[in-house]
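One chain, chain A, links the two complexes that follow: it is found with chain B in the first and with chain C in the second.
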Partner chain A sequence: MVTHEEILKIANLAKLSVSPEELDGLTKDMNKMIGFADTINAASEGAGSFDSAGGLSNVFREDQVVPSCRREKILGNAPCTEGGYFLVRRRS
Partner chain B sequence: MNYELVCGLETHVELSTKTKIFCSCTTEFGGEPNTHCCPICIGLPGTLPKLNRTVVEYAVMAGLATHCEINPDARMDRKNYCYPDLPKAYQISEYDQPLCRNGWVQLKSGKKIRLTRIHIEEDAGKLVHERGNTLIDYNRSGVPLIEIVSEPDIRSIEEATEYVETLQTTMRYLGVSDCKMQEGSLRCDVNISVRSKGSRQLGTRTEIKNMNSFSHMTKAMEYEMNRQIDLLESGEKVVQETRRYDESTGCTEGMRGKEDADDYRYFRDPDLVPIHVSKEMLASIQARMPEDPQKRLERFEREYSLTEADAALLIERRRAADYFEAAAKGTKNPRTVANCITGQIFARLGTDAAKDDFQVNVSPENLNALLRLLDAGKIRTSQMKAVLEKMLDTGKPASAFLSEKDLAGISPEELQKLCEKAAADNPNAVKDYRAGKEKALKAVLGAVMKTTHGQANPMEAQKILAEIMKA
Partner chain C sequence: MGQYGTIARLHSLLSEKRLSCTELTRAYLDAIKKENSALCAYVKVTPETALKAAAKVDAKIAAGEPLAPLEGIPMTLKDNISTKGIETTCCSRILKGYVPIYDATVWDLLKKQNAVLLGKSNMDEFAMGSSCETSCFGGAKNPHNRKRVAGGSSGGVAAAVSANLAAFGLGSDTGGSIRQPASFCGVVGFKPTYGAVSRFGLIAYASSFDQIGPIAPSVEDAALIYDAISDYDPMDSTSIGRKAPVSPALENSIRGKKIGIVKEYFRGVRPDVDSAIKKAVGVLCSLGAETVEFSLPAISYSLPVYYILACAEASSNLGRYDGIRYGYQTKQHFADRNDMVCKTRSEGFGAEVKRRILLGTYVLSAGYYDAYYKKAQNLRGTIIQSFGEAFRKCDFIAAPTVPMTAFPENYAAKDPVETYLTDLCTVPVNIAGLPAVSVPCGFGNDGMPVGLQLIGPEFSEAPLLNAANQYELASRKTSFRSVETGVRL
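Let's look at the complex of A and B:
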C-alpha cells in the first residue's frame, strides 16, 4: 500500500506541490495504478521478458549527419523564448 | 591523527561521433543555440530513438583499451529525473547491464586503478542562468557520452590527476573523443572520503560534481579533503551528499534535492532493443583499434632505432606518430625524420592543442621525398632544414625550392677543381698545414664550402684537400 509520505516524496521528485486536500485522492489513485501493475506482473508469467521486444537486438543507425530542423520549428511550441533559447522564467 | 584520501571518479567523456546518440543531428561543438536539434533530441512525444552504431563501437573500443570485459548483452534504461536540461524528464543510460565492466587503468608507478564499468548514455542540454531566469540550449542534448566509473582506488590528488590524464591520452589515441576539458567533452565527478591512515574501513563520502579543469579538480579535492578532516577532528560527522565547487571562492558547498539511486526509478527503455556484442562484432572492432601506445613505443624504438625520449614524443600524439610512420617509410635514417617532426614541425605548431590536431601543410609524402634527397647525398642536412622551413611556409614540395643544379650536386671532377683553386688561393694555410698544423686544412675546407654554398660533401672535400695540401 502506498502511504501519504510516499505520495509526498514522489510529488517532490516530480517537482509538484500537493495540497493536504489532494492527498487522499492521489493516494487512492496511486494504489489503483500499482494494483494494475500487480495484474500485469501476475499475467506476465511465461509471457517472455519485456525487454527483448520480439527477440530483436542491435537495431542501429549509421553515423551520418542529417540537417537539423529550423530553429523556428524547434522553438515553435515553446511558451517563452529569448534570443534563440527556450526560456524558463523564475517562479515568483 | 594521520588521514588518507580515498577517492573514486566518474568520468564523462563525449564521444566524437558525427551525430548524436539517438538521432542524426550533428554533435558539432558551438553553433547558434537550438540549431542542432530535431524532435527526437528535444524529446517531443511520439518520437523514437535509434541507436548510433558508432557509439557502441567507440564505447567497446574504450572498454577494450582499459582492459574491460565486454558485456555481450547490454541494455539501455531510463533514468528519471526532473530538470529542464533534460527535455524528456529522463536520460537514456545503462543501469544494470552496462557495455563494459571490470577494467583497469595503470599509473606510471605500476599501480592499477580498477574500473567498475563503462556505460553509454546521452548528454543533457545546456542551461544558462540569467537574471533569475533560465535559458536552454538543446544542441548538446543527445550528444553521446561514455561514463567511466572507477573503484575507490585513488589515494592522492596526484593519482587522481594522473588517472584522468591517462584516460584522456587513451581516449584521444583511440580517436573516440577529443577529451577537451575546456569544451566540456571530458568532465569528472569526484567521490571523496577520508580515513585514518592504515584503516581498512571506508569513511562517509561526498561527491563533487562536474569538474571541468585539472586545476579546479585539484583545488576542489584539496578543499573537500581538509573540510572532511576538520569535521572529523572536531568530532562531527561527514554527511553523504553531492557538493558543488565554487570557482570564485575555492570552496565546495552542498547541493540540495539530489536523488538516491532508487529515486531515479530506472527501468528498461521500451523503445530500444538489447545490444548484442557478438564475437564477430567484437573481432571487427578489435581489428579497427589502433596499436596500443605502449607497444607502439617499443616498436618505434626497435624498428626505427629511435631513442625512448624521441619515440615517446611522437607516440604521445597519435597523429604525429602516424605522420612519422608515413614520412619515415623507406628512408635510411628515421631518426632524422623524428627530429624534423619534434623539432621544426612541433615548433611551428606551437601549442599543445595544435600538436594534438597536427594540421601540417607539408604532407608526409613530401617530407619523405625531401629526406630521400638527403639519403641520396643530393642535399645536406643544413640544406634539408632550410628547405623544410620553406615547405612549411608555403606547403609546396621540396622540388619548388631546389634547382636542377642543386639536385645534380657537384661532380667529383668539379669538386677536385674547386679544391685545387681553394688551396691555391690560400697559400699560407697550405704552408701551415705542411708545417704540421692540421687545423689549417679546415680554413681551406671552409673556403670550398663557401664557394659551393654548402653543397659540397665536406667529407669528400676534406679527403681531396688533404691529398692536395700534403704534396
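Let's look at the complex of A and C:
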C-alpha cells in the first residue's frame, strides 16, 4: 500500500503538485495501479532480456552540417522571452 | 486493383478529370462542417492548407502530368503528428497554442505527394487512453452509434475515416491506439513493425513502443499508405525502413498458410465477439489456410509489463513540459522556477496523464526499480522470445483486436485499471515490436463492429496485408457496413 506521504514524495519527483482534495482519490487510484503492476511478481524470472527495440544498437553516422532552425522561430513558441533567451519572470 | 480501394477510386476520378481536386476537397470540408460538431473527430480543420494543396493538384491534372498514388487524396493526421505552422496539441491543455516549426517525416512524405490535409484529429491526451475521452476537447463519438466511443487513442482518425470525413488518416499505436479505434469504428487499422515508419516529429509517449501507421477504409488503402510512409529516416535513430513495397503483393493465395490460434488471446472475450472471430478464421480456412492451436503463457503478463514500461518512458518523455519553452504556463503567482513548473504541469495535464506519470516515476524510483522496471524488461524479453517460437509454428496469429465492441460513453472514467484490461489483445504486439492489422469482421449483438486482428513476425508486412486483403475480399459484403455520412462517391 502506498501512503499519502509516498504519493506526495513521488509527485514532487515528477514535478506535480497534488491538492489536499485530490490526494485521497489519487492514492486510491495509484494503489489499484500498483496492485496491477504487482501481478508481474507471479511470473518467474525468465531467461529473456531486452536491450533495444528493433534489435538496433549504437546507430552511428558521420557528422553532417545541415540547415538549423532560426532562434526567433524556436523562441516563438515560448510563453515569455527576453533578448533572445527564454525567460521565467518571478510572479509573486 | 481491388474493388474496395477508396484511394484508387478517388485517384481515377481525379486522373480522368471526372472531378477536380478542389471540388473533392470542398465536398469533404462541407461534410466536416456539417458532421463534426456532433462527432468531434477533428480538433482543428485546415481549409486553407487543404485548398492550397488541391489547387496544386488541379494544376498538375490540367498540365496532363500523372498523379502519385496519394496525390490529391483528402486525409487527416492525429494531433500528435507535428505539422509545421499548424497547431499540434496532443489534445492536451499543456500544448494548446503550440505551433511546430518542423514537419514530422510522415507528413513531409505525404506533403511531397500533395496529399490534402483536411485537419488534425482528436485523440486521448498524449495518446493515453482507450476511449478518446481523455482529450481536452472531449472525445470523438462512434459514427456507428454516437452514444458509443470511437475508441482510442487515435479515435478521431478512426471516426473521421468511418464517417467518410477523410479518405484516410495516420494514427499512432503504442499499445493498440491504431487497431482498437479501427476495430470500434469498423475500419482498417495497421500497426507496422517497429522501425518501419519514421517517428521523427511524432510527439513521444513511450518511445520503445510508439509506431505510426494508417487507418483506412480497406486493406488495399492501408497498403498504399504504408508504401508511401515507410522509408529509412536518418532523423529517427530507430528507423530501419521497409524491405519492399507491399501494394503489389496483395493478390496472392493464402493456401497452405498456417494461422496460429493462441489460447491466451481468447480469455475473457465476449461470446458474440468470440464467434465473429471464429467465423472469420473459418473464412481464412475456406481460402486454404490451416489453423494450428497453441498456448503462449508469457503473454499473460503483457498488460502489467506494458503499463510499467510505457508509464516509465512517459514519465521521462513528458518531463519536457515545463512551461518555459513552449505550450501552457500557469497564470498563478509562483515563488520560483520549481513552483512555476509544478503549477504549470498540474494545471496543464489531465488526470490520466498525471496518473501515468506518477506510476512511471514510482517504478523508476530508488527501491522499486528492480522489482518493477527491471523485472518488466526481463519479461519483455521473454515475451519477444515466445513470439519467436510461435512464428516457427505458424505464419500469422489470428485474434480479436479487442475483447468487446465500442464502450458506452464514460465507461473509461470509472476505473483506470478496468479500462487497461481491455487492451489485453493489442499490447503484446507493441511489446514485441511486431506488425498487426485490424480488419472489420462483422458485428456484435449490439450491432457494433468487431475487428479481426492478424499478427505477423517482424517485417512480414507484405504477406500479412495480403492475408488481410484476401480475407476482406472474401467477406466484405457481410463484415463491413458503410456509415451514411460524409463523402460517398
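Remarks
We take it that the second predicted complex is superposed on the first by the 68 of 92 C-alpha atoms of A that agree within 3 Å, B and C clash if a C-alpha of one lies under 4 Å from a C-alpha of the other, contacts with A are read in each partner's own complex, and residues count from 1 in each chain.
Following the convention adopted for this analysis, contacts are C-beta pairs under 8 Å (C-beta built on N, C-alpha and C of every residue); 3 or more make two chains touch, one makes a residue touch a chain.
Source: prediction; values computed, not measured.
Touch criterion met: A:Ile74 reaches chain B and chain C at once. Contacts of A:Leu56 after superposition: both chain B and chain C are touched.
When the two complexes are overlaid on their common chain A, residue A:Arg90 makes contact with chain B and with chain C alike.
Residue contacts after overlaying the shared chain place A:Val65 against chain B, while chain C stays out of touching range.
Judged by the touch definition given at the top, the superposed model places A:Ala37 against chain C, while chain B stays out of reach.
Once the two complexes are laid over each other on the shared chain, residue contacts for A:Ala11 go to chain C alone; chain B is not touched. By the document's definition of touching, of the two partners only chain C reaches A:Asp29; chain B does not. Judged by the number of chain A residues each one touches, C leads among chain B and chain C. Looking at chain A, you'll find residues 13-15, 50, 52-53, 56, 59, 61, 69, 74, 86, 88, 90 touch chain B in one structure and chain C in the other. By the touch rule above, chain A contacts chain B in their complex via residues 13-15, 50-53, 56-66, 68-69, 71, 74-75, 82-90.
Those residues of chain B lying in contact with chain A across their complex are 17-19, 24-26, 32-39, 42, 50-56, 73, 75, 81-82, 84, 128, 132-138, 259, 263, 268, 270, 272-276.
Chain A contributes residues 2, 7, 10-11, 13-18, 26, 29-30, 32-41, 43, 45-50, 52-54, 56, 59, 61, 69, 73-74, 76-80, 86, 88, 90-92 to its touches with chain C in the complex.
The touching residues of chain C, when paired with chain A in their complex, are 97-99, 101-102, 193-195, 208-209, 234, 237-238, 240, 298, 301, 303-305, 307-308, 315, 319, 322-329, 332-338, 340-343, 345-346, 349, 354-355, 357-363, 365, 371-372, 375-385, 415-417, 420, 433.
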